[in-house]
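One structure, pasted below without further comment.
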Amino acid sequence: MKFGILVNEGPYNHQASDSAYQFAKAALEKGHEIFRVFFYYDGVLNATKHSEPPSDDRNVIKNWQKLAEDHKVDLVVCVAAGLRRGIVESSLAPGFRISGLGQLIEAGIQSDRLVTFGD
Amino acid sequence: MSILHTVNKSPFERSNLNSCLSHVTAGDSVLLMEDAVVAAMTGTAYADRIADAAKQVKLCVLGADLRARGLDPAKVVDGVAVVDYAGFVDLAAANNAVQAWL
Amino acid sequence: MEEEFEGGAVKKFMYVNRKPPYGTVYALEVLEMVLISAAFDQDVHVAFLDDGVYQIKKGQDTKELGHKNFSPTYRALEGYDIEKLYVEQESLDERGLTEADLLVPVEVISRADMARLMGEMDVILTA
Amino acid sequence: MSILHTVNKSPFERSNLNSCLSHVTAGDSVLLMEDAVVAAMTGTAYADRIADAAKQVKLCVLGADLRARGLDPAKVVDGVAVVDYAGFVDLAAANNAVQAWL
Amino acid sequence: MEEEFEGGAVKKFMYVNRKPPYGTVYALEVLEMVLISAAFDQDVHVAFLDDGVYQIKKGQDTKELGHKNFSPTYRALEGYDIEKLYVEQESLDERGLTEADLLVPVEVISRADMARLMGEMDVILTA
Amino acid sequence: MKFGILVNEGPYNHQASDSAYQFAKAALEKGHEIFRVFFYYDGVLNATKHSEPPSDDRNVIKNWQKLAEDHKVDLVVCVAAGLRRGIVESSLAPGFRISGLGQLIEAGIQSDRLVTFGD
């Protein structure tokens, strides 16, 4: 089955991004496909390359990057939501790309299920 | 047609869970996750509401979120099923759509 | 209510609004999502329940806050062929509001009908 | 000693306002701001609770937040005072501490 | 309960915790704030009410989530001379919890006493 | 009177930063002093120099910068909260500075009132 995932909140402040990551990992392990992960609202903040969490905690951004590397998951950041919040091309960690909100609607159309994680 | 409803906030803090439970229909499933897992426990002021809901819909709770908060999965309200992330994926696949009550 | 299913790619989308405007950005950014979706020829439904009904309250004036008043955009949705706007009766009642308080034509339905409508959707987007 | 309590979320969505009102003491003030201003209006399911509270403490609401949401400052519950940001500053100065119910 | 007011700079600080841990970062970052405040020789009070009581629930195990389990740090507060921890009785009751469920020694007080205690504070920090 | 202000949430997603700005402006207009504005939790995101909101909306970051310029208000971003969320020296808009959480406690001690704005 093809899953689309929408992440509404940034890293650390809310568990949304962690839960989305755990869901995506579990879906892939079960042989499902992740059509796309779309980052909207404060979710765009998950794409920053400058995050350096304490070494004894999980690294939310690196978790997504590794998932993208290992499974070619498409990680898309909303351009308009990013501009509001200061996430632009130069802030992006490897593995993320910036595009339009249409990519979320497309994920809704192309995926069998769209699952949202937020506050 | 059926929906998997996800709820991630404590019913003591927010009205999400109440709102969700007043919009479920027969055959739907509800997953309590993140801070909403506190609602699944016996002994709380909310436990009767959950026990009632578990008779109407398939009610599940994420075990990982229970254990993180020091809540014992063996002490959830009767009729509530404890699932892992793989179980969450199965629930999403088994229903026609997923609605997050944010 | 019949839909064109030519091409097999038309899905029933619902955007669920449950939060008031301005205190958080969700109302505005959901609206931006609704507008974009118009370009995809899907069967779009927009639902207002709980505090979401305040999003379409008449007479919003944000000058003192400095926020953009985006409420007129709801009236522009019709021009994008987005005409299926649903408001929950019980949510209005709890807040002492009536259909006359709303700035855009909507279909007011009961909570039970809202629940049934949600059950018909393929994709449900919330924030 | 008195506290200015600020509440910024709708009582239909969150329990902040209830929690705040069960922790006020005589002489305190409560300011409804941001999304909490909906609680100040007549005709809502919450209006009686607000009318009662206005008899115990000084209850205020931010006019700018009312107007932004299309709510008429002339129609707030009896006993609730509509203030502007300068009035908010005065309230903060007039009490000994400010507690935000987040 | 008497305080040293030498230098005139000792204020009564209260950190109010009302949210569960892990769903949001507030519990952790409030704890970091409490730890820093120890260096300033102020009169520090830490209150747990509403869902905040879950922050000090025994037996937290975050391995599956990947989150850092910061709950042992509450037990370390004593070493920083932060010993005034208050828990609201009614908040425990509503959640079916008792003092025996808590991982650190606290003073359990009534809601009315919590309200009175708040009224004695100079600075109240919440998140 | 001396006010300290704590901002717990980032720009746009929550009204907290707008309300804090309006409060600070009103306090200054009434002749009060702002001892410091401290940005903690997601509040650190208010300091980004990359934010470009739509031109028909307010600019939250510029509002703070102008307040700092016109009234020499001290805008302090928590270093640890910033590291988690990718706000580091190179991301800072002019007018903001990064420092430790002790600066917040100091604001609580030195100010007559500390006022918190959050979610």
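Think of it as A, B, C, D, E and F in the order they're written, each chain with its own count starting at 1.
Simple rule for what comes next: contacts are C-beta pairs under 8 Å (C-beta built on N, C-alpha and C of every residue); 3 or more make two chains touch, one makes a residue touch a chain.
Everything quoted here is computed from the prediction, not taken from an experiment.
Participant: Which other chains touch chain B while also touching chain E?
Facilitator: Looking at chain E and chain B together, the chains touching each of them are A, D.
Participant: Just tell me the minimum hop count from chain D to chain E, counting one hop per pair of touching chains.
Facilitator: Graph distance in the chain contact network comes out at 1.
Participant: As a test of understanding: of all chains, whose mean C-alpha position lies farthest from that of chain B?
Facilitator: Chain centre farthest from chain B's centre: F.
Participant: I want to compare two interfaces, C-F and E-F. Which one has more contacting C-beta pairs?
Facilitator: E-F
Participant: Same or different, please, for the chain A to chain F contact, judged on whether over half of the interface numbers appear on both copies.
Facilitator: The interface of chain A with chain F is built from mostly shared positions.
Participant: Using Cα averages as centroids, what's the distance between chain D and chain F in whole Å?
Facilitator: About 24 Å separates the centre of chain D from that of chain F.
Participant: Could you tell me the distance, in whole angstrom, between the mean C-alpha positions of chain A and chain D?
Facilitator: Roughly 38 Å, centre to centre.
Participant: I'd like the Å distance between the centres of chain C and chain E, where a centre is the mean of that chain's Cα atoms.
Facilitator: Measuring from centre to centre gives 41 Å for this pair.
Participant: For chain B, which residues are shared contacts with two or more other chains?
Facilitator: As it turns out, chain B has residues touching two or more other chains at 8, 12-13, 15, 34-35, 64, 84, 97-98, 100, 102.
Participant: Note the residues in chain A that touch 2 or more other chains, in rising order.
Facilitator: Within chain A, residues 8, 12-13, 15, 22, 41, 54, 80, 84, 114, 116, 118-119 contact more than one other chain.
Participant: Which residues belonging to chain C are in contact with no fewer than two other chains?
Facilitator: 18, 22-25, 50, 65, 67, 122-124, 126-127
Participant: Spell out all pairs of chains that touch, sorted by label.
Facilitator: So the chains that touch one another pair up as A-B, A-C, A-E, A-F, B-C, B-D, B-E, C-D, C-F, D-E, D-F, E-F.
Participant: Over in the complex, which chain D residues touch chain C? Could you list them?
Facilitator: Chain D residues touching chain C: 8-10, 12-13, 34-35, 38, 41-45, 47, 63-65, 67-72, 84.
Participant: Spell out the residues on chain E that touch chain F in their complex, using ranges where they run on.
Facilitator: Listed in rising order, the residues of chain E that touch chain F are 9, 11, 13, 25-26, 29, 32-33, 36-37, 39-40, 42, 122-127.
Participant: If we count contacts the way the header does, which residues on chain A are in touch with chain E in the complex?
Facilitator: 12-15, 18, 22, 54, 56-58, 63, 119
Participant: What part of chain C is in contact with chain F in the complex they form?
Facilitator: Residues of chain C touching chain F: 22-25, 65-68.
Participant: So in the complex, which bits of chain F are touching chain E?
Facilitator: Chain F residues touching chain E: 6, 8, 40-41, 80-81, 84, 100-102, 104-106, 108-109, 114, 116, 118.
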